[in-house]
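Sending over a structure as structure tokens; questions will come in a sec.
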Amino acid sequence: MFMHVQRLINEIVPDEPDPAAANALQEGLGGQFGEMRTMMQYLFQAFNFRGATGKPYRDLLYGVGTEEIAHVELIATTISRLLDGSPQYKGKATKPVDEPGKGGATPLSIALDHSNIHHYLVGAQGALPVDAAGNPWSGSYVYNSGNLVLDLLYNLMLESTGRLQKCRIYEMTDNKTARATIAYLIVRDQAHENAYAKALESLGINWGATLPIPKTNAEQFPEVKKLLDQGLHLKQYTFSADNLSEAGKIYRGTAPASMDGGELTTQTAPEGFPMDIAVERPEEFGPGLDPELLALVQATAELELKDADDPLVAAKKK
Amino acid sequence: MFMHVQRLINEIVPDEPDPAAANALQEGLGGQFGEMRTMMQYLFQAFNFRGATGKPYRDLLYGVGTEEIAHVELIATTISRLLDGSPQYKGKATKPVDEPGKGGATPLSIALDHSNIHHYLVGAQGALPVDAAGNPWSGSYVYNSGNLVLDLLYNLMLESTGRLQKCRIYEMTDNKTARATIAYLIVRDQAHENAYAKALESLGINWGATLPIPKTNAEQFPEVKKLLDQGLHLKQYTFSADNLSEAGKIYRGTAPASMDGGELTTQTAPEGFPMDIAVERPEEFGPGLDPELLALVQATAELELKDADDPLVAAKKK
Amino acid sequence: MFMHVQRLINEIVPDEPDPAAANALQEGLGGQFGEMRTMMQYLFQAFNFRGATGKPYRDLLYGVGTEEIAHVELIATTISRLLDGSPQYKGKATKPVDEPGKGGATPLSIALDHSNIHHYLVGAQGALPVDAAGNPWSGSYVYNSGNLVLDLLYNLMLESTGRLQKCRIYEMTDNKTARATIAYLIVRDQAHENAYAKALESLGINWGATLPIPKTNAEQFPEVKKLLDQGLHLKQYTFSADNLSEAGKIYRGTAPASMDGGELTTQTAPEGFPMDIAVERPEEFGPGLDPELLALVQATAELELKDADDPLVAAKKK
Amino acid sequence: MFMHVQRLINEIVPDEPDPAAANALQEGLGGQFGEMRTMMQYLFQAFNFRGATGKPYRDLLYGVGTEEIAHVELIATTISRLLDGSPQYKGKATKPVDEPGKGGATPLSIALDHSNIHHYLVGAQGALPVDAAGNPWSGSYVYNSGNLVLDLLYNLMLESTGRLQKCRIYEMTDNKTARATIAYLIVRDQAHENAYAKALESLGINWGATLPIPKTNAEQFPEVKKLLDQGLHLKQYTFSADNLSEAGKIYRGTAPASMDGGELTTQTAPEGFPMDIAVERPEEFGPGLDPELLALVQATAELELKDADDPLVAAKKK
Amino acid sequence: MFMHVQRLINEIVPDEPDPAAANALQEGLGGQFGEMRTMMQYLFQAFNFRGATGKPYRDLLYGVGTEEIAHVELIATTISRLLDGSPQYKGKATKPVDEPGKGGATPLSIALDHSNIHHYLVGAQGALPVDAAGNPWSGSYVYNSGNLVLDLLYNLMLESTGRLQKCRIYEMTDNKTARATIAYLIVRDQAHENAYAKALESLGINWGATLPIPKTNAEQFPEVKKLLDQGLHLKQYTFSADNLSEAGKIYRGTAPASMDGGELTTQTAPEGFPMDIAVERPEEFGPGLDPELLALVQATAELELKDADDPLVAAKKK
Amino acid sequence: MFMHVQRLINEIVPDEPDPAAANALQEGLGGQFGEMRTMMQYLFQAFNFRGATGKPYRDLLYGVGTEEIAHVELIATTISRLLDGSPQYKGKATKPVDEPGKGGATPLSIALDHSNIHHYLVGAQGALPVDAAGNPWSGSYVYNSGNLVLDLLYNLMLESTGRLQKCRIYEMTDNKTARATIAYLIVRDQAHENAYAKALESLGINWGATLPIPKTNAEQFPEVKKLLDQGLHLKQYTFSADNLSEAGKIYRGTAPASMDGGELTTQTAPEGFPMDIAVERPEEFGPGLDPELLALVQATAELELKDADDPLVAAKKK
């Protein structure tokens, strides 16, 4: 079973909307080497795991797999924030649709030549389960051979490729929202490389100076360097609510995928950061509860919903 | 963020291996209306949610979405158990491969005319992220229009269709392992129908006698009746580790998708059932840690792994 | 615009249910060279047609394309009839679900080892838009190069391949329902080969003795021979409700794809055959209007529906 | 069986070529919620329909399904007109290819940064069976559960989503050709929402003020308002050539998906608008009958084709 | 550039037709880890190679990639031979179609419940570019990150997975034709594991006792043991027609993926085995040149074709 | 079996990087009518060929199929050269990553609005197995009906469509690198049209003036004219290393797909042009052997690699 915590695993740093950056980040969400894939791959490997003596390996897969769900949440929310408001539509919030067509106005014209048109047409300025070229995520990406050594080797290659692609995305944009999330995921990928490389070390491989693959010298990216200095690439969370995870039996000792050979440690979970909720976008006909529905809800269901005086709501409306 | 608990949301009832039943259950895992889809759809709707006043609706989506991850875990594990050992291969556990080709033996010949050949060829008698006809799961299944009413209407239809298909699967097999999981999921789908139908009621719809759709009279399936008698279709879990979920503001009052109109209630999470780990299958070359690797691990990594005297391990070897 | 006539283009000959034959026919419906593809290909070629001087060619495409919609209707209905009742479930019609799980009964167990499991699990013993191997139909099949000669050449090859595959399907089964529809479509494919071959003759090609490709000697299939004797391969329908089609300017003279060189003629439409409606199947939870819903409909909507005394309804219930 | 009428269901309003608008409209043609999908979904539901007492429901599906074929024709033709001539190539019509490469001329350079490159490279400035992101249409989109209530619920959601997406497309462009077709389809989608909502009302649902979903206030789009004022959202065509359709038994009474509650009525078919044929485009090597072929045709086939004096041909050549 | 040699890289050992074995082998041809994929992956890596100092690595990729084309040829031909004649149709060769429908004969009924129905319906008892579950091969399988170390690591994992799957296929069937080809490919995969493992050793990795992954003890399969005894897993062909390949600079020294540590050597190409041509199958309407066409060819083209007295032809007809 | 020659079948003419042209050329590589498809289609037709009397036809398929592998190599290399260096990144070659993020530099920002983003994100400025709209190549493209006449007819249409598309690509760009490769492939497609048209002539078809389809008057493209003047459209290579090919029995006599009716001849192979290797691109983290790895290789593996004094290396570094 899984539990949800209403905190994001990393902070969404504010900056201007940027649909092109949002689209590049889609590769990290729904791409062949993105977070949906790592999530599903590690969970399937954990569900189908064989051999009770290998429980620490299974628990490692469960821990990283559970973290990847939080990464899916983080990168999807980041994409959503990068898209949100990009059309710069100034319709009044009190009217669900502010006469968009009057006089030939085209509030969504941005969709025709920015990002993936589906971000505005199929979704409502939100993340999609597709890659940066628009291909939907596919179950055929998931690798689970049933042979532990092969699965670990694939996972190492998968994390390395994910990191390689994120380093390239970092170089594509200087939007702060995009870079903060990407930098965080680069360092976490390196932590996961350490996890799988260490597991393979326990099975006899000596990586020499090969790892990390690729040697991106990523510490030269300022946001990445800051996190490396904090040792975020040397820590693994178990996300084990009942603390039964034995992943720490593997994730300890010297880090193989690290150029300075730090010591690996585990902890249950990071503290996280507050989540907020995006505003409504009338030009997408994307109301949640517009005032009319809100009144209806309060009348028929007697729900005690937050009203406009709520500070969170008020803050978002500015 | 998400946390993992090492408990299954429902019990895996033991019975004989049954690859045909396993394959039918794949529709419930990786099919267009299966658990991977409900999981991803509700999580994307939660990530992209708009309108802070609608937080109870978002939290409902998060709660059901988090439950669906546990359903993916449950049905994947069920499929894995239904496949496990189906080839009836009697190779000794102490030798990783017991001369399978000697004298023309064909320990995996079952793969040629049972189930999906990939269950033995690509996976190792484990669940795959595909449907019952072998199509890989696709991100194009996820529906998230950004309009709350439409999303809720789709979700209601999705749960109803999922339940319809599971009732058909129930009728395809009398394997106890398969039926226990299917019956549990039928009743939980009905709970989720209640969730989305209730949310739509709050927006003005009166369902009359239309719900549940379909009227499967499923209480005539003994395993389903037992769970309905326990009121499992009237309960929703928030899976909210920090108890910040406001889903209970919606999920309360009379159940719309229930023929006897019970009262809806919420709780954090069910107690769950113990998880075990499958044995190794040498005929799949699917060792985790065969004795040789185990020795290596103990030598190089000094891991304190369970040994063969461990009761869990011993129990599985019988 | 298009109009519908409540008649099938050919008769559905009765025989026993036969899910294996139904599945083979799926290739003719949703396969790469099946009727959905010919329909879409010719209609797209007609919609995108260039050059007003070529109107007879466009009208030929519209005529054959419109006929293909009727072929989709015919083969889908045939598949539906071949599947209908194949589980041999004897539940009483007056109860929507006749306690299917009682005592472990498995009314849909046939789904596990016959046909495509989706015929019982996703559909309700009805046709699906997929091929005989279960692949969904794809828009990438449609060929419309925008060059008239190439489009005609492709269409000739397409009809020939469709006929080749149908001759193979004929050889796979002796079910009368399946063979009657297949035989009809074989002969109509030959008529369409004549159409495209003739159009290419008008552009300078002399086919010699090459056509029909393949030389299936199909007149040795008794059902095919009967239709050839009626000259059905020499006739083209315009399906032109306003009789503005000029297809007859091309479809006339000696038939190129015919071993005995008959004369081609056009007419508006065939007379057709009556359509009926399948019975409800409670084991699929596939009621349309079960008695309860029927009562509801009559109460709330005051619809004047046929009742059980209606001869058509009564006939089906026997 | 189906018949074709050489009239478009709505007028193509002239404006400048606009490949970006053309591409956005592809979602309405080949997208997951576009016209190819509604067409196929309703026709499959009609072909596989169960229960003779429900004939009015089946006939409703046939009627809307047949209308959708005309919508496919309308939107495909609109896309074709929006693309046609967009490269602004001025080669003389009398020479099939006017030395395009001479001196490095690049008559199709527009393809590299406008629209979908396949519009110029695979098609010849014509519509394709793909969505706005270039994904080919898939048979997996078609929903036909075999349970009437679920099918109707899905259809209502499908029409609402189609309308939502078209409202977004309307906001993306002010091209008159695009907007006229989109506005027409928005209003027809609302008519179809009325059809399915009404059918569900007959089964006991009271929609309250929920419908139409979404509340787009679309009457504020001038082209839409004009059609609503004509009551086009309250009328359903049977497209029943033999007038055997009983759809009118359902489609009558007060409109549920309409904010002013008009009365629903049926009629056989609209009058329609004349169709024309696009000119040839030598830069696509897309001749139908260039003069050389025309001469050949007249010589070998003695076809009585329209010549250059034909007013329709002359009109297009201006 | 590439050249073809009319020799197969290994012998096709004769045995009875076996469509189930043929279908299992499809995974090795068109599966995600099959020969079409290794071929394409290594060739793309070679085409896109960066860094002139790394020419030996590029040449290694070219050599293995070129060998994989021969493997595609070998396994496709093996599948073709396993399917060929499986329907046991005894029609006379002198008549293209021997009245297949007469009296209800169903010469292709085997297609309904053996193998992949497309083997008889779309192909004519020949290999298809699909996997064992019928999924078409996809370009999305090809991995070419542009980072040499990652590409090599992926290739090692790819060869190991291919070998794992082939060991499983070996265990599914005892058909001699299937096993001979599978055994050969198992050993060649091990040679390629040596290639990529050695290349990674040159970059600093010490594999310890980890390789080969998996430890299949495959020498216990008699056909595999025979080839290992010949040292076939220690040899790499350059397939370099101009002998410019520098792959031998890497492929030398001690074998890492070999339990007995033999010495690696390179040579240009193996000697190969004669190819033959399958007979015609009238029940598939799959004539090449039936007597009628043969006469035509000889008349019109004056081709000097082999006639029925040719020993090769005669041998096949027995 | 196949052999590789380290020569390209045509010269890569130098010009500036041009990602838009590169992307258009992807259609010719991985599109439905591109070189990967012709390669696979002809090879599968050769592998599955039936009828020993038809060996010249099989050998023709082998010859053209082998040539298509060289075309895949040529067009992939061309795309790679068109992409290579397009980001204009000036990082020093001696440092693997030249502080790309310092001060917000975005060396790969070109990826956001040029070409296919995957060219920079998934690949490293290299060719991908996808079409110009980003769709991965699919095995479902391959046509091999098993009927010789149909296969030949399809192949003729395939070559004609490939040529049509390449003529359109030629008109999209005046980049010399792109046009040189495209022009070469246009003329080779015409040679292959001659091959299949001639084979069909031998079976009785008289093409009249229909061929070549389309009549592109391509001799007006200067690069094409030059090659036509050399008669490159009248020559077919057997690529038969052992000279056992009998393709010359068909490919001789008057050319059908040629407006001036030249004489067809065969030869073994063209001379070809030198291949080079692209430089490393640190901004893609795409080193092959950076200096550090090079040192490592030389230390551990004692490989005799080219060093920086090598003229080829030096030339590329300028």
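We call the chains A, B, C, D, E and F, going by the order they appear; numbering starts again at 1 in every chain.
We take it that a contact is a pair of C-beta atoms (placed from the backbone, for glycine too) under 8 Å apart; a residue touches a chain by one contact, two chains touch by 3 or more.
Treat the numbers as computed from the prediction; the structure is a model and nothing was measured.
Note on connectivity: the fewest steps through touching chains from chain C to chain F is 1.
Identification of common neighbours of chain B and chain D yields A, C. Of the pairs listed in C-F, B-D or C-E, the one whose interface repeats that of B-E, with over half of its contact pairs matching by residue number, is C-E.
One finds 38 Å separating the Cα centroids of chain B and chain C. Chain B and chain F have Cα centroids separated by 47 Å. Annotation for chain B: residues touching 2 or more other chains are 32, 122, 134-136, 138, 140, 145, 147, 149, 164, 203-204, 209, 214, 284-285, 287, 296.
Taken as a contact graph, the chains fit none of the simple arrangements: neither line, ring, star nor complete graph.
Under the touch rule stated earlier, the contacting chain pairs are A-B, A-D, A-E, A-F, B-C, B-D, B-E, C-D, C-E, C-F, D-F, E-F. By the touch criterion given at the top, residues 95-97, 99-102, 104-109, 111-113, 116-118, 120-122, 134, 136, 283-285, 287, 292, 296 of chain F touch chain A in their complex. By the touch criterion stated above, chain E contacts chain B in their complex at residues 20-21, 23-24, 27, 31-32, 132-135, 164-165, 167-174, 179, 209, 214-218, 220-224.
Chain contact summary for the complex, chain C toward chain D: residues 1-9, 30, 36, 40, 43-44, 47-58, 62-63, 66, 69-70, 72-73, 76-77, 80, 122-130, 136-140, 142, 144-149, 201-204, 239-242, 244-245, 249-250, 253, 269-270, 272, 276-281, 284-289, 293-294, 296-297, 300-301, 303-308, 310, 312-313, 316.
Every residue of chain A that touches chain E in the complex is listed here, in rising order: 32, 135, 138, 140, 145, 147, 149-150, 153-154, 156-157, 160-161, 164, 200, 203-210, 213-214.
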